[in-house]
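Some structures are shown below for you to check.
Same chain, two partners: subunit A is paired with subunit B first, then with subunit C.
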Partner chain A sequence: MNVRAHISMTFHLDKCIGCHTCSVACKNLWTDRKGTEYMWWNNVETRPGTGYPTGWEDQERFKGGWEKKNGQLELRLHSRARGLTNLFYNPALPELDDYYEPFTFDYQNLFSAPEGDDQPVARPVSMITGEPMNLEAGPNWDDDLGGSNLYAQNDPNWVGVAPEIQAQMAEIERVAFNYLPRICNHCLNPACVAACPSGAIYKRAEDGVVLVNENKCKGWRMCVAACPYKKVYYNWATGKSEKCILCFPRLETGQAPACFHSCVGRIRYLGAILYDADRIATAANAETQELVQAQLDAILDPFDPQVIAAARANGLGEDWIKAAQASPVYKFVKVWKLALPLHPEYRTMAMLFYIPPLSPIVSSIEEGLVRLELPPEKVDFELFNHLEKARLPLEYLANLFAAGNVEVIKPILRKLLAVRIYKRRQSVEGSIDPATLKIVEAAGTTPEEIEAIYQLTTKPTLQERFVVPPYHREMATEVWNDPLAHKGETGVGFIELPVRGD
Partner chain B sequence: MKGIPLILWAGVLWGLAWAQDGQALYQSHCAGCHGPTAQGIPGVFPPLAANPRAADEAHVLKVIREGLSGPLEVAGQAYNGTMPAMPQVSEADAKAIVAYLKGLGGKASPPAASPQPTPAASPELAAQGRALFSGQTRLQNGGAPCMACHTAGNLGPMGGGSLGRNLTDLHTRLGAAGIQGVLSNIAFPVMRESYQGKPLTPEEISALTAFFAQTAGQPANTNQSDMWRMALAGLVGVVVLFVLTYTFWSNRRVGLAERIRSRRSA
Partner chain C sequence: MNWNILLFQVFPYVALALLIIVSFQRMRGKPFSVSSLSSQLLERKLLYFGSVPFHWGLLIILLGHLAALLVPQGLLLWNAVPMRLYLLEITGLALALWTLGGLLVLLYRRLSNRRILAVTRPTDVIVLLLLLVSILTGILTAVMYRYGSFWFPSVFTPYLWSIFTLRPRPELVADLPFWIQLHVFNFWVLLAVFPFTRLIHILTVPLGYLWRPWQLVIWVRKPRRLQPIPPVAPPYPTSAKPQAALQDKGGAYGSD
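Now for the complex of A and B:
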């Protein structure tokens, strides 16, 4: 057992309201520089939809992630020899059109336009060429277009969903969609790291954050193509690639990343987990149907004395073990088994786990049709017993979070529904009827567990949502500087000597 | 200790061999053009025997090392050619050659006719020469075909290379003997380097000579239609390219983003 710690994340999709505060917080903090305008280290997609960059899940086109070849795990992008021949022209790379041409508006014209008969306007201007342009796409162009025959219908996750259900999803009054906020998954088996010819990308030993070393990056952009989530971006101004850094400067000072901290719906949870590094290879190489379970198996119980001993032997501090025990991620992922990684079939072992969304509650099912005259107390029961007729198709959610395995999604939705039904009965009627208790049992849970899930879902404090272990940077500083002097000097002077040129 | 007397001894031997060396050096460096008995070729290469200038050691040294060009009169015959500088001949070797030429002195061997009158250039031989010139037949020792640098006569609409001199009237200028001399002992610096270790064989030289005899007086490219044919072929190629592009362009793989932008549903 090779126990290591990882700062891991959970997003509760049922709580996401699609306000994009996370995206804006990230943009303001990290990517409002020249060359990074089109980068959205954090973005919120509407599902069903095409996402950003457009159609990023189409790995026939973008060749991201890993695939099994003769039992071996290989990059879908290329073999080593192929990588060499594609060094200067990589057809799998997304183009500017797959993102969008970043733009701003000519606001100055509002003030300086000569007097005329019409109100002056602020024309859109390209942030790359500076020329006026027509807006054809943006970072979130399909926002809320859940039933769109352009965007929703082109979602690559419809594979295996019956055409009737797809058609229903496009019908008026039956349209359903959910939001999918995405950041870098800080994978356990990152394809971007494997694809980098310069060895510039690395996974931090202490917390698993995947970072690009901007000094070593040579701009080959193999990581951009290899990342199946398209979360590495190429900065056209500096000629280097950049990606989400999980706000490590904030983590190291005990704060949650900006997108987590600013989340209005409080959907984001962050905490340390302990995992067995020896199991990564087998877990990433598991059969497609077993991928999720194999990944969850690699995450260890932080209360197990054996695990604790192995963690100590590997140099993990008591405070990190304690943080792993208090981690909300561990609870959602391993204890309650409610959260799943996005697209486990990419075999990168994403360490960001999503709690799948429940369908809108207004629907009830009778012969596959919406029946609105049903009394509200019966609606939930109908759905619980007919999950396959939920407005968000199970197969669709399974394609997103379980490599197409519906059986992985079902118990999660049933448990989430049980929590909802139980708490509604309790708060509306004050008592729990036997029918509800039967549902709780059928969902494989208990009133105590439901209470705990409810507490962490609806009323967590900041300290419960974000359990950031102490990084002890002062101890690292001690090696080369007086920590007190270092603290005083932070932000002043040069980290690196200035050099000539750009 | 042992090496020094050896070098001295070698030096003595070398001194003895000097005069004899002069003849050998002359044969390898000069005879190609100036003839085996230094008789020259009237009007093309001046004779060195019975030439008062050839007796002036300083002058000869200078000519060998730096070359000579421009109008010249020897024994009542006018010459106007170019002798390339031959820096590959060392100072000592040049002196040996001068000594040898002095030895020839007054021996005014009559400007004998070229050693062997070239056989009348048969059309087959000329065709062979043309193939060698244009590179259709490889030179036996691996030298570059002449056309890489030169053009001669009508070689089609593109002509030959323009790095070297136009050789159309080579036969008029040098005559058969001159051509053979120049080719058997290449002296022009760039050409010498190119054919270093890859000399032309006598058969090749005679074929090329026949070819040059044929090209003499020929205009560069008499056939205007060649030019038109070439232009037409280019035009047809462009049209074919456009048709192919037109056929396959609409079938190319279009990204989802582009499809959405052009409002084409999948």
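Now for the complex of A and C:
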């Protein structure tokens, strides 16, 4: 057992309201420099939808992540030799138009336009060429466009979803969508690290943060293609790759990352978990249907005396072990088994876990009125027994979070529903009837667990949501600079203005 | 000092000095400035038709020149059979034309695409023009003064070795035709500008990728943590209130 700690994350999708505050907080802090305008280290996508960059899940095209070849784990992007021969042209690299051309508006024209018959306008201008341009895409271009034939219908996750259900999802009265906030997953088996010819990307053993060494990066841009989540971006101005740094200067000073801290819906949880580094290789190579379980098995119980002893032997301090025991992520992922990694089939072992969203049941229109297909008083119970009637198809959620395995999603939705039914009965009727208790039992949970889930879901304190262990900056081999000093620079601890080339 | 000595003896040493000293200084002192400066994100179609032939063609041709420098006897032996000489010359010429095509595409792309123009610095164009001169004079040499691979070992191999071994014999190239002299001089110019331009990315060819482990995990703090921390005398009199003193100094980050 090789115990390491990882600062891991949980996003509760049921609570996300799609306000993009996280994206803006991140943008203001890290990516408001030249060359990074199009980078959204944190973005919020509407699902079903094509996401950002458009269609990033289409790995036939973008070649992200790992795949099993003859039992061996290989990068989908290239072999080692092929990686070197593709230096001059990387066929799988997205183009700027797969993101969007960054733009601003010519506001000065509003003041300086000569007097005329018409109101002056602020035309959009490209932030690359500085010339007027027509906007064809932008950040959140498909925001809230659930059911649209341009975005939602081109979602790659419809595989295995019946055509009539897909058609239903496109009807205006039955449109359902949820939000999917995404940051770098800080994977246990990162494909970007493996694909970098220069060896510039690395994972910090202390906390698992994946970083690009901007000094070693030579702009071969293999990481951009190899990351299946498309969360490494190429800075077109400096010729270096950049990615989410999990706000490590904030973590090291005891603060949650900016996107976490600013989250309005309080959907984000952050905490340390202990994992067994020796199990990464086998877990990443598991059968597709068992990938989720294999990854969860690699996460260790921080209360187990054996684990604690092994953690100590690996140099983990008592404060980190304590933090792992108090971690909200550990509770959601391992104790309550409510959270799943996004697209486990990419085999990078993402360490950001999502609690899948509940959705209302399918309704139909009769004579202009919305008719629920179930009597209202029974809706919750019926949904519990007929999860296939949920508006967001089970298969769709399974394609997002469970490599297509519906059986992994079902118990999670059941438990979430049990919490909802139990607390609703409790607060509306004041007492719990036997039918509800039966549901609780069928969901494999207990009233005590439901109370704990409810507590951490609806009214956790800041200290309960973000359990950041002390980083012991006094022991750092490098003494980092003032976090504020990073703003306007390369953003990853490099104190020099990012000038292109010499 | 005549022109011959200035251009083919003094200048080569200036170029080599710049190449070695400035490259070293830049790789060590300003590693952030070293990058392939890829512009594939901004434009990919023309890049494919330009970059691939340009890089591969140039690489193979340079390896050919290197072989002539290192194993001249081998080259002469190979050329002893006329058929093999023709084969070598035709292959070289075809590669040069392929490279030239790629270079022209790259030059056109750099000067016509607005996005690429936005990231173009003067040195980017200078490098392309210098390489254009190299390839054109090389092709002229190959066509007009046949057969280059035949006389290279007796003219350039000794000349280059005389420079590298610090016993310069510039007179070896004194009587060569203008186009060949330009080809040689341009080579020294390219070496001289090498560390100041994007050419420096040639030094960073990541051959280590062939054998490095897939995953790189770095302990940022372990070295220090394992060292015993020496006992330090408390900065305050022990009889005073230590807690208050700590809180005063802890600030926003606490005293962990």
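Throughout what follows, the second predicted complex is superposed on the first by the 461 of 502 C-alpha atoms of A that agree within 3 Å, B and C clash if a C-alpha of one lies under 4 Å from a C-alpha of the other, contacts with A are read in each partner's own complex, and residues count from 1 in each chain.
By our rule, contacts are C-beta pairs under 8 Å (C-beta built on N, C-alpha and C of every residue); 3 or more make two chains touch, one makes a residue touch a chain.
Note that the coordinates shown come from a computational prediction; the quantities given were computed from them, not determined experimentally.
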| request: Considering only the touch criterion stated at the top, classify A:A194 as touching first (subunit B), second (subunit C), both, or neither. | output: second
| query | So, A:K218: does it touch subunit B (first), subunit C (second), both, or neither? | reply | second
| message | Between subunit B and subunit C, whom does A:G239 touch in the aligned arrangement: first, second, both, or neither? | response | second
| message | Quick check for you: in the superposed arrangement, does A:T129 touch first (subunit B), second (subunit C), both or neither? | response | second
| request: Have a look at where A:E95 lands relative to subunit B and subunit C in the superposition and call it first, second, both or neither. | output: both
| Touching partner for A:V499 - first (subunit B), second (subunit C), both, neither | second
| Residue contacts on subunit A - larger count, subunit B or subunit C | C
| request: Please work out whether A:P470 is in contact with subunit B alone, subunit C alone, both, or neither, and reply first, second, both or neither. | output: second
| note | subunit A positions within both the subunit B interface and the subunit C interface are 95
| field | In the complex, subunit A residues that touch subunit C | value | 80-81, 83-84, 87-90, 93-96, 128-131, 189-190, 193-194, 196-199, 201-206, 214-221, 224, 234, 236-240, 253-254, 277, 315, 319, 470-473, 475-478, 490, 494, 496, 498-502
| field | Footprint of subunit A on subunit C - complex, ascending | value | 26, 30-44, 47-48, 51-52, 54-56, 114-115, 117-119, 121, 123, 196-198, 200-201, 204-212, 214-226, 252-254, 256
| query | Across the complex, what residues on subunit B touch subunit A? | reply | 255-261, 263, 265-266
| field | subunit A - residues contacting subunit B, complex | value | 50, 53-55, 58, 61, 95, 97-98, 136-137, 149-151, 153-154
